[in-house]
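Here chain A shows up in two complexes: once beside chain B, once beside chain C.
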Partner chain A sequence: MGDSRLFRTEIRGDTLVVVALGNISSLAGNDADEAFDKMTLSLEGQELKNVVIDLGHAEYFGTLMIELLHRLWRAVRDHAGRMAICNVSDLGREILNVSKLDHLWEICPSREEALGAIDHRPGKLPQSR
Partner chain B sequence: MTAILVVDDVALDRRLVGEFLGRDDKLKVEFAEDGAEALDQLARRVPDLIVTDLVMPRVDGLELVTTVRTKYPLVPVVLMTSQGSEDIAVRALQQGAASYVPKRLLADDLLGMVQKVLSLSTKERVATRLMGCMSHNQCAFVLGNDTAMFAPLIAYLQESLSHMGLCDENDCTRIGVALEEALTNALYHGNLQVGSELRGVDDAAYRALIHERCTAAPYRDRRIFVEASLSSKNAEFVIRDEGVGFDPSKLPDPTDPANLEKASGRGILLMRTFMDEVVFNDVGNFVKLTKSRAAAEDVKR
Partner chain C sequence: MRVDEAVQRKNLGVWADPVDSPPDGSHRLERFFELSTELCFVAGFDGTCRHINPALQRMLGCAEEECLSRCLLDFVHPEDRQASRRFLDRTATEEGSAVVLENRCLTADGSTRPISWTIVPIAEEQALYGMGRDVTGRDVTGREPSFVASDEKLRTISDSALDAVVMMDQFGRVVHWNPAAEKMFGYDQEEIHGQSVHETLLSNQELHGQELHGQELHGQELHSAPLGSKTPPGTIAKLNVGHVIQLNALRKDGSEFPVEMAVSCFQVDGQWWATAIIRDITDRKRAERQLHERKVQLLAAQRIQRHLLPSGDPEVQGFDIAGATYPAEFAAGDHFDYLTMPGDGVGVVVSDVSGHGFAPALLVASIQTLLQKLAETNNDVGDILTEANAFLAGETEDDRFVTAFLGRIDPVSRSFSYASAGHPTGYVIGADGEIRANLESTAFPLAVLPDTVIPKATSVVLESGDTVILLSDGVLECRSPEEQPFGSRRAIDLVRDHRDRSAREIIDRLYRGVCEFVGSESLWDDVTAIVVKVE
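Right, the complex of A and B next:
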């Protein structure tokens, strides 16, 4: 669901894990859009409601990736789910920080912590600020 | 004399390869018994080319190729393949080995292959040294509405910046991100006049409009003009599109909490973050991005 040359997906319980397979530049265009079309479709079912984005293979990304993250976020939010991002590089972190998107999404150092962060634990709700 | 390092764990094979290569008296052949010994030798003296077996103890041919590509990228590696080593050979070629010769054809083909690879790599080494002598690069490009040329253009500009020592690898990457954003803005928002408003509201309609405009006059005939002036002290990029322009001051602040989920303005935010200066003309269809070495060094201090 959404696997392509740019992304791989895995399912962990009710969470869709999206793994970027390399840098996602703003030139990725249709390939990235189509992959995310499939991912958002899969979130419209009842089985999946949360998303973890693993950026461990992506040294950087551009505004296209940010827009795609927003698409997933809207789908997740529509189903009262949660979204977290993990394994972000220093440059990726800089991009998220300067865009203030670290206020919108939980950013975790590892995939396991991201999966833990979207559990329903008190004080861990990722709220839009 | 051109130094060749032959790596094979079988003494007889090493001797035979030495004889085949010895037919060219301009080649000086040295030997290593496996990849680990080869890497020890490389640390002391870098050869001009490596000929290696694949299946060896300690460090095998695949690991040798991978390490050489990382640490000694200008040293080509030629593989000697045998039946049963095809999978490793494919992976080694994917990792960057220059070529291969089956062991059963070494007598006829190895010397010719080594000479051919040496000739190509010598050209590459000389070109790299020449690029290191570049003091100034001024260039201009005219692009159509096709992102296919954006990545190679950015790679070319980054390579020039790197060779001239204006910035390190991290800053080169940042400049690349800024250029990507500027070029995609010039294409989608400039030439094709597709605004960000649809993005996030109706992505399918956004993509459909882009597709429609790519084939419709006047949008499809518009060009993107890129000029770069690069030196070891300063890089200046000018990107101009043929659209109607816009007023950057009217863009919403993408960092305002009310706008965090909107698509507008983020590309320019990244441009301003990664470049020292971003200036638009009055019309808004021309942007100049500047990065200077002095500013980069100040930030690091």
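Right, the complex of A and C next:
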């Protein structure tokens, strides 16, 4: 289900858990697009609505990661689901804070808390601020 | 025509040049035909026997009268008939060329003998003139040679290879076909054995390439001339021995696909063989095409980006303003601009569209036009970005977003107001080198949600000696060979160290500092900066 050398996926109920494994800054151009497409395609045709992204093993957090998170969030939104991010590094938190995207996405300290933050009612879009 | 061919043609009564015809020649030619120990025949193009000499009659165990009107293929081993028929059908079209066919013939005593035939088609007579020789001891069946069949190691290596390993006899007929070849071409071993590699797998295409070193092969040159020269079909002479070549191959289902092929030949017990290692390069070719297309797109995007950049830095009383974008090889999403705003205000914009390539570049063009238009009649930087967001959210592809920093300089009051949609923090560095203000983002990026409000931040009153620095993430995220990020701290230190220089010089120093840090001028992402110095 879209697994690659940089991502691993698991299913927990109606939630897709995406585990970032390595340095996605090594992806370039079409490689990045293909990796991202695999992620979003994982939501197609499945009984999945929500996504938890575990960044505990991600060596990199920058623009490319933001793009991935944004793309996944869009896909989740289209399925009326919710998204949460967990195990974010200090640098990642800083970047999410600077970009104010921590106002848009749920940031949790652990995977279990992220899964707990995803409720099973139809997704409620966060309010813009 | 080679000398041996000419001799054979004369022996068969086929004279290349009428001048050479003997004055009363036919009975002498008949003598050669009758007395020759070679196996001679004349047959129609359909294989119907017209004449066979006594030597051949003895081998077949039947008189010429019995053989007349019979097809010579009736005397060929059943397993070799189909291949021999195809061979003769092709030969009939090769006027004047001597071709070699090897098969097993059924003899009078019930045994079979391997015969090597040299056959010349004569179109005006619709006849095939053939001369054969018993080659007992040679395997003419097209079966896998015993030195392969019996060698476990060879077989294991071949069976485990990811590339197709195809072994051929000297006529280019398949004698060994590994599992990778089965998978690649769709033929199983049974159906491909004995088939011509050149005709079946390479669709008889001319293989254009360089000259090769010639190798003698039982009187037939393996290859010694530029490709395109006439060589008998069915040989491995056309296969570019000794070189790796790219060409189109043919699957069983008729589809073509690109391959890389290397052919080598060797001799065992006096018999020649050839091995082809074939690799499917479909994925490689696709990747090459995609890379080429991407490069074309990116070049177009970079041209657009260059076209959109300001033609010069604004001249504002009491300020030294400079900006630059250094595009990366595979980017073109960064942009900076200066806006004319009401009340003599000067707007400075730095933006970054997510993704790479042509589409982001087009979006940059939209953003530039949009902000220029909105800024003409609106002094509120937050309102401008909010309106821009509403528009972009409806216009961009689903996955794109834009970080943008819009600042307004009031030259009279020296106030600096700004709004930032997810853009990296800007800084105001004082004359003493200390950070006087962090220009943090006030909302998340544009085009994420259509109803996002981007508020204006608290204005900063600029003082003499202040340096305002606005950067794109390409500066902050570029990495050293040791994978360390450049980061905001390095950027601030660099600007601080050179704050006494002009705005343009500070930007140049910043760019050079980034390149030195990365160890190259080839950057992964665009580097963009605006520097505003307060005099």
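Note that the second predicted complex is superposed on the first by the 108 of 129 C-alpha atoms of A that agree within 3 Å, B and C clash if a C-alpha of one lies under 4 Å from a C-alpha of the other, contacts with A are read in each partner's own complex, and residues count from 1 in each chain.
Methods note: a contact is a pair of C-beta atoms (placed from the backbone, for glycine too) under 8 Å apart; a residue touches a chain by one contact, two chains touch by 3 or more.
Treat the numbers as computed from the prediction; the structure is a model and nothing was measured.
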{"item": "Contacts of A:104 with chain B and chain C, given as first, second, both or neither", "value": "both"}
{"item": "First, second, both or neither for A:71, with chain B first and chain C second", "value": "both"}
{"item": "First, second, both or neither for A:80, with chain B first and chain C second", "value": "neither"}
{"item": "Partner chain(s) touched by A:62 [first = chain B, second = chain C, both, neither]", "value": "both"}
{"item": "Shared chain A contacts, counted only where both chain B and chain C touch the same residue", "value": "25, 29-30, 59, 62-63, 66-67, 70-71, 74, 91, 98-101, 103-104, 128-129"}
{"item": "Partner chain C, residues of chain A touching it in the complex", "value": "23, 25, 28-30, 36, 59, 62-63, 66-67, 70-71, 74, 91, 98-101, 103-104, 125, 128-129"}
{"item": "Residues of chain A defined as touching chain B within the complex", "value": "25-27, 29-30, 33, 59-60, 62-64, 66-67, 70-71, 73-74, 91, 94-95, 98-101, 103-104, 128-129"}
{"item": "Residue numbers on chain C that touch chain A, as the complex places them", "value": "290, 294, 330, 352, 354-357, 398-399, 401, 403, 422-425, 440-445, 448-449, 451-453, 473, 477, 479, 483, 485, 524-525"}
{"item": "Residues of chain B touching chain A in the complex", "value": "147, 150-151, 170, 173-174, 176-177, 180-181, 184, 199-200, 203, 207, 254-255, 257, 260-261, 263, 266-267, 269-270, 273"}
